[in-house]
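Letters A, B, C and D mark the chains as written, and numbering starts fresh at 1 in each.
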Amino acid sequence: MQEMMEKRALELLADGTVNRVLGWSVGEFPYDMTPAVFRSAEDLKDRFVYNDFCGANLSKYLIKESKGEGKILVFLKPCDTYSFNQLIAEHRIKRENVYVIGIECYGKADVEKLKAMGLSGITGIQMKNGEYVVETVYGNKTVKASDATAERCLSCKSKKHVVFDELIGEDGDVVEDCNRFDMVEKLEAMTPDERFAFWRGELSRCIRCNACRNVCPACSCEQCVFDNPNSGVAQKAAVNSFEENMFHIIRAFHVAGRCTDCGECSRVCPQHIPLHLLNRKFIKDMNEFYGEYQAGADPDARPPLGTYTKGDREPNEGGNK
Amino acid sequence: MKKLSLAKLYDFFAAIAAKEALYLPVNNEVGKAEYKRWSEGVELSHQLNTLRSAKDFFFPQTENLMEFKMEGKKIDIIDTREACDDFVIFGVRACDAASFDILDRVYLVDPVDSYYKNRREHGTVITHACGKPAETCFCGTFGIDAADPKGDITVWDVEDGYVFRANTEKGEKLMAATADLFEDTDDKAVKAEQDKVREILAKMPLADLTTEGVGAGLTKEVFDRPEWASLSESCLGCGTCTFVCPTCQCYDIRDFDTGHGIQRFRCWDSCMYSDFTKMSAGQPRPTQLERFRQRFMHKLVYFPDNNDGVFGCVGCGRCLSRCPISMNIVKVMKTLAKGGNK
Amino acid sequence: MQRIGVFICHCGTNIAGTVDVKAVAEALGHEAGVVFSTEYQYMCSESGQQLMRKAIREHKLTGVVVCSCSPRMHEATFRKAASLEGINPYMVEIANIREHVSWIHKDMKEATEKAIILGRAAIAKVHLNQPLQAGESPVTKRALVIGGGIAGIQTALDIAEAGFEVDIVEKSPTIGGKMAQLDKTFPTLDCAACILTPKMVDAGQNEKIKIFAYSEVEAVKGYVGNFNVSIRRKARYVDETKCTGCGLCTEKCPQKKVPNEFNMGMNNRHAIYIPFAQAVPKVATIDADYCMMLKTGKCGICSKVCGAGAIDYKQQDEVIERQYGAIVAATGFNPIDAKAYNEYGYATCPDVVTSLELERLMNAAGPTNGTLLRPSDNEHPHTVVFVQCVGSRCTETDERGKPYCSKICCMYTAKHAMLIREKYPDTDVYVFYIDVRTPGKNFDEFYRRAVEQYGVHYIKGMVGKVTQNGKQLRVQASDLLAGEQLHIDADLVVLATAIEPDKTARSIATMLTASMDTNDFFTEAHPKLRPVESPTAGIFLSGVCQGPKDIPETVSQASACAAKVIGVLAKDKLTCNPCVAQSDEMLCNGCSSCEKVCPYGAISYSDKEFRGPNRTTLIRRVASVNPAVCQGCGACTVACPSGAMDLKGFSNKQIMAEVDAICQ
Amino acid sequence: MPVTEYKPKIVAFCCNWCSYAGADGAGSARLSYPAEVKVIRVPCSCRVNPMFILRAFQRGADGVIIAGCHPGDCHYTSGNYFTRRRMTLLFSMLDYLGIERERTRVEWISAAEGAKFSKTMNEFCATVAALGENKRLEDLRCKK
């Protein structure tokens, strides 16, 4: 995969279709790749990398990059294309300045899962035949790749690229029976007291580092209301439970109907708070109340909060248990 | 050196907790270690380190500084400071223990930060030597020995128990109070354990990381390095690295109108944030490049400049595993070292 | 820091009776920024306003809080008074301590505390108020009247009289409405057609009036002074400009079995028809549901006989767009369907009729040419029973009827009884009533004549049941005064059915954004003081669509409505509401979330240059609001994630300051 | 616990055209409701930002009610339809977080429905009083 991507990128750079490439550059370890912009063939050959640990959604970088000079090549996984499309719908990306190569994806790996198996001192990870041979200073271990699949990829909603200029690998389909609402349903089935206890336990760990917000392609405001001293709601720290709730409820509300469920928020949370469960609740509710809607699937579709029907359900009607 | 048998560890905890609050690493809801207050039944985590650093004990994320009450045109200032209760932190690793020295260099020099000092004076630190370092560890780069941490008391895991060594008066006092739990021992087992760990550390991928190209006196050279642009390019400007960092010490002071008064509090701030040190004239570091550079310049150049060459990093590796886009101080140091002499 | 003056109104004892106004003035006087605080008996009075103006001058006030009645009452009064002293009117806030405090709370301590809190909230808001300047928008000098009954006709005539253009949109083929179906009118007994048709003709001939008959309003956009209305001109299959109204086609049409709605379905008309002789416009219409040519393509007789060549089977509905400065709803009423009333046998007994059917039975142009004959056998009825309040004044739980009094039934029943007794003295007439309501000029006299002079039997009591009994109808009823049950064998039973707003009124109200009450009558801006205006600016109400009325009341309301419309059209420019949305370009993402929820299309986007960091220039797409088009609902402010969109006069910070003050 | 003694703080956001007038109507008709209900006038129910609702809870409110024109009667055509969607989602989210759903409410009250206004407020106060003080969305700093 990496070779094909690198080859195509070099060709497109060489023929002048693009003048930059947005991809991933090598890390210190086999799993810590950093998104990077490559401006030359040498740079690409030197640093470009793609493997199962390249999980970052690159679409948000295009808000800035698409406003630069010339065209930029970007590699987007299926789920990233939804974010890209949503940003197109919101007029945040100049489409004509981006060359999208869709790359097939069968789920990314999460190094945290390897570490949770007790693997430490990782010096190398060889990937073959659906297995990872994890080399560590404490010895080698072979694990099934599926055991290291990132949580968000286990409930992948779509392997289809909703936008691309060309594809590398196969285009997949929308996953009809994805189980992404299972946990939401489980929570809904709890009593309010249990739900309260669950969320207190989770949100009380929040350190308001803003990683969830800053990585989120939907949270791309010029200035966030929580950073704006004139908004009246600015807050810098999760001082107490109220501010934790306030930040996460309002953030989820602000991205409701715009969140494509890419799962970056939960991926980056240093405190491992399952933030995607907030967004998924809104997505599930909107699907149930107003009809199926997938943000980013169709940039011309009317978002649920930008429209209404006369027979919409009433707010006082109960939803959860 | 004193030895505590495996079975008596929790008796030791109970003995301390009977007198003062005891905090130690505990696995939380998601299986990650975090400092929690010990009580009967709480188990010590066996993970290498906590997600958040131990600096929270002395420099919490938020703390109230004072309060104001207003009536008509009169303002009353209320000093809310009070001496904190004694507490003990168990299980601090060498890196975090070293971070306290760095924080002390900021908060205990003139003008002394009374809030920090208060906590520092009432806290006893029991460090725990590392047994199984990770690939993200690079404390050695900054002269920290993971096998011989500082603190008021140092604890080593040995085959059939724990070996304790009091390093300070505070530590001696604490051990004296619990003396009946311990038996005397020599340093053989500890030495063996230390040799084993040092051997592992030498094999770690970051074992040969050096401070080449950074350090005191290099402000101009490092500041002007062109690599900052590509290094900072994908930085999201979040505060994750800052907030998990044991040595980051910047804070913001804010007022909160409670409706019946004003609470003046401070909270952690991050130089990665777009509103960091924002002034009426605007933001002195207008783009992420400047903000990103600030963080590493501070740790690798400015801090050693002002502190006898001591770096503002302890190599705990938290930022390496937590950064959403996997950009971190190691990548910065290596990049700066690479082209440094060109 | 503002210098705020606080003025507490006693409103006589309305407020001071329950609220300790002195305590409120004292407490609010201590609030930060308040430099003057006082109470007064009637702040809205001339001397109250003078007091406020003096305080503004003497204390150099920059903001004013009046604790008084609802802002819906006197906000304008106090704003005007403040502006006379040079304070921007939008620096005045009202704390409603009458409707929301003194009138609902009895305990003085509790009411006083609440008044202080509401005062604090108003002060907190004023601290954040900004002076606002109202913009101006031009006025389209033409009015639209929806509905061509007597109300719509009168309103249109009066507006035209003042020199402005008016369009009447009428859904049926002719104007005239219900009044055209009436025989005589109370209390003068003059012929309805004789007084209505001259007005219809006037309307038809007036140069300023354009009648769109057989047309419906399809969409309304815009706002006062600048409405844009789509009107669907339904296909008549007859060219209105060519048809002379000769009526030859309506005689030759072979399809003769179409129920004649003008005569309440009591006789038939042809598939091509002119509703009645005096119709305006007098143009034939083909009923597409019955026309053989349109249904099967076989016939075409009307086209052959038409000398003017007006028949056009290929005609299509046409939607036209017209601009208006003001819109009048004159959508009128219908009698309720009496079929639900099984006990009165309407659905089963042919000789049970409604009052409007009786009007047709007695009208010279009606199915019986004016002779009173009963529908079942065309015999002359000798005993006639009238049942009052069928569907009117029902309990809230009654699903068939209406809770209100239909107002006109008592009088038209007296009229009917009187007319029958006059024409057919051999007929016994009974009227069963709950109450006889005759407020109105010459009304009670009229009713008494029916009883005293014409010998109509008025019986206070309810009719329990009407059943067919051979050729007759057996009426079971109670006489409440005599305290006995009655059986009357009647030849004809007439139901005074309740009236209800026309079914189309609801959808028209939605298009007009005019509010309605639970009975689907249009709501007036104020029940007493603004009875002919809707709360929505530029929308006016004429006739029964606002509530039950008789003809004289309808006509006077229609004229009042016209006067209000003329008031709008006479202006060259209207002052806009300055409390409109505003986008902070520095915060705007240009994401279009706001645009999607704006009902007025007031938001547009443009690429603008901004100064970026380090002397760079950035081009960003940002929203801007057209203040003349924005009506200030605030939907966009919540849709905007970055908080760039805010509403002047009701800003995020202002509302949160009120929340803080209230919850403190 | 003496539930009847407890008087909850209620913030009522009322649309200027319908519910605020309805509240005025309740006043004119002397139809009482607890003094703990305080009305904030907004041009339309769609002006109510979820942030205002959370803010009210933060500052000590025990219940928040939003009252607007009946669906179809919005003075601005569609405002209350958006209110309906936004609040449906917000309330569902609050419930999902285990915050009592009865503390928040949306009612459609026309200018003519003074009686409904009073009845609604009485009922809502009783409902919130039964729940007791707002503990789950409180901000202890704001408590006296």
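Going forward, a contact is a pair of C-beta atoms (placed from the backbone, for glycine too) under 8 Å apart; a residue touches a chain by one contact, two chains touch by 3 or more.
Treat the numbers as computed from the prediction; the structure is a model and nothing was measured.
Asker: Would you mind naming the chains that touch subunit A and likewise touch subunit B?
Answerer: In this structure, the chains that contact subunit B and also subunit A are C, D.
Asker: Measuring from the mean of all protein Cα atoms shown, which chain centre lies nearest?
Answerer: D
Asker: Which pair wins on C-beta contacts, A-C or B-D?
Answerer: A-C
Asker: What whole-number Å value describes the gap between the mean CA coordinates of subunit A and subunit C?
Answerer: Going by mean C-alpha positions, subunit A sits 53 Å from subunit C.
Asker: With chain centres taken as the means of their Cα atoms, state the distance from subunit B to subunit D in Å.
Answerer: Spacing between the chain centres: roughly 47 Å.
Asker: Nearest whole angstrom, what separates the Cα centre of subunit C from the Cα centre of subunit D?
Answerer: That gives a centre separation of 29 Å.
Asker: Could you work out how far the Cα centre of subunit A sits from that of subunit D, in whole Å?
Answerer: Once rounded, the distance between the two centres reads 36 Å.
Asker: Please output the residue numbers of subunit A that touch at least 2 other chains, ranges allowed.
Answerer: Answer for subunit A, listing residues that touch two or more other chains: 223, 225, 233, 239, 305.
Asker: Residues of subunit D touching 2+ other chains?
Answerer: 50-51, 55, 59-60, 72, 78, 82, 86, 141-142
Asker: Could you list the positions in subunit B whose residues touch two or more of the other chains?
Answerer: 256, 259-260
Asker: What's the contact topology between the chains, one of line, ring, star, complete, other?
Answerer: Graph shape, chains as nodes and touching pairs as edges: complete.
Asker: Any idea which subunit D residues touch subunit C in the complex?
Answerer: Within the complex, subunit D touches subunit C at residues 9, 11, 16-18, 20-21, 23-24, 26-28, 30-33, 35, 38-44, 46-52, 55-56, 59-61, 69, 72-79, 82, 86, 110-113, 118, 142.
Asker: Which bits of subunit D are touching subunit B when the two form their complex?
Answerer: 59-60, 141-142, 144
Asker: Where on subunit A does subunit D make contact in their complex?
Answerer: 184, 187-188, 192-200, 225, 233, 239-240, 242-243, 245-246, 249-250, 252-253, 256, 278, 281-282, 285-286, 289-290, 304-305, 308-310, 312-320
Asker: Can you name the residues of subunit B that touch subunit C in the complex?
Answerer: Where subunit B meets subunit C, its residues are 70, 72, 257, 259-260, 283, 286-287.
Asker: Which of the residues in subunit C end up touching subunit A in this complex?
Answerer: Interface residues on the subunit C side: 586-593, 596-597, 605, 618-621, 639, 641-644, 652-653, 656.
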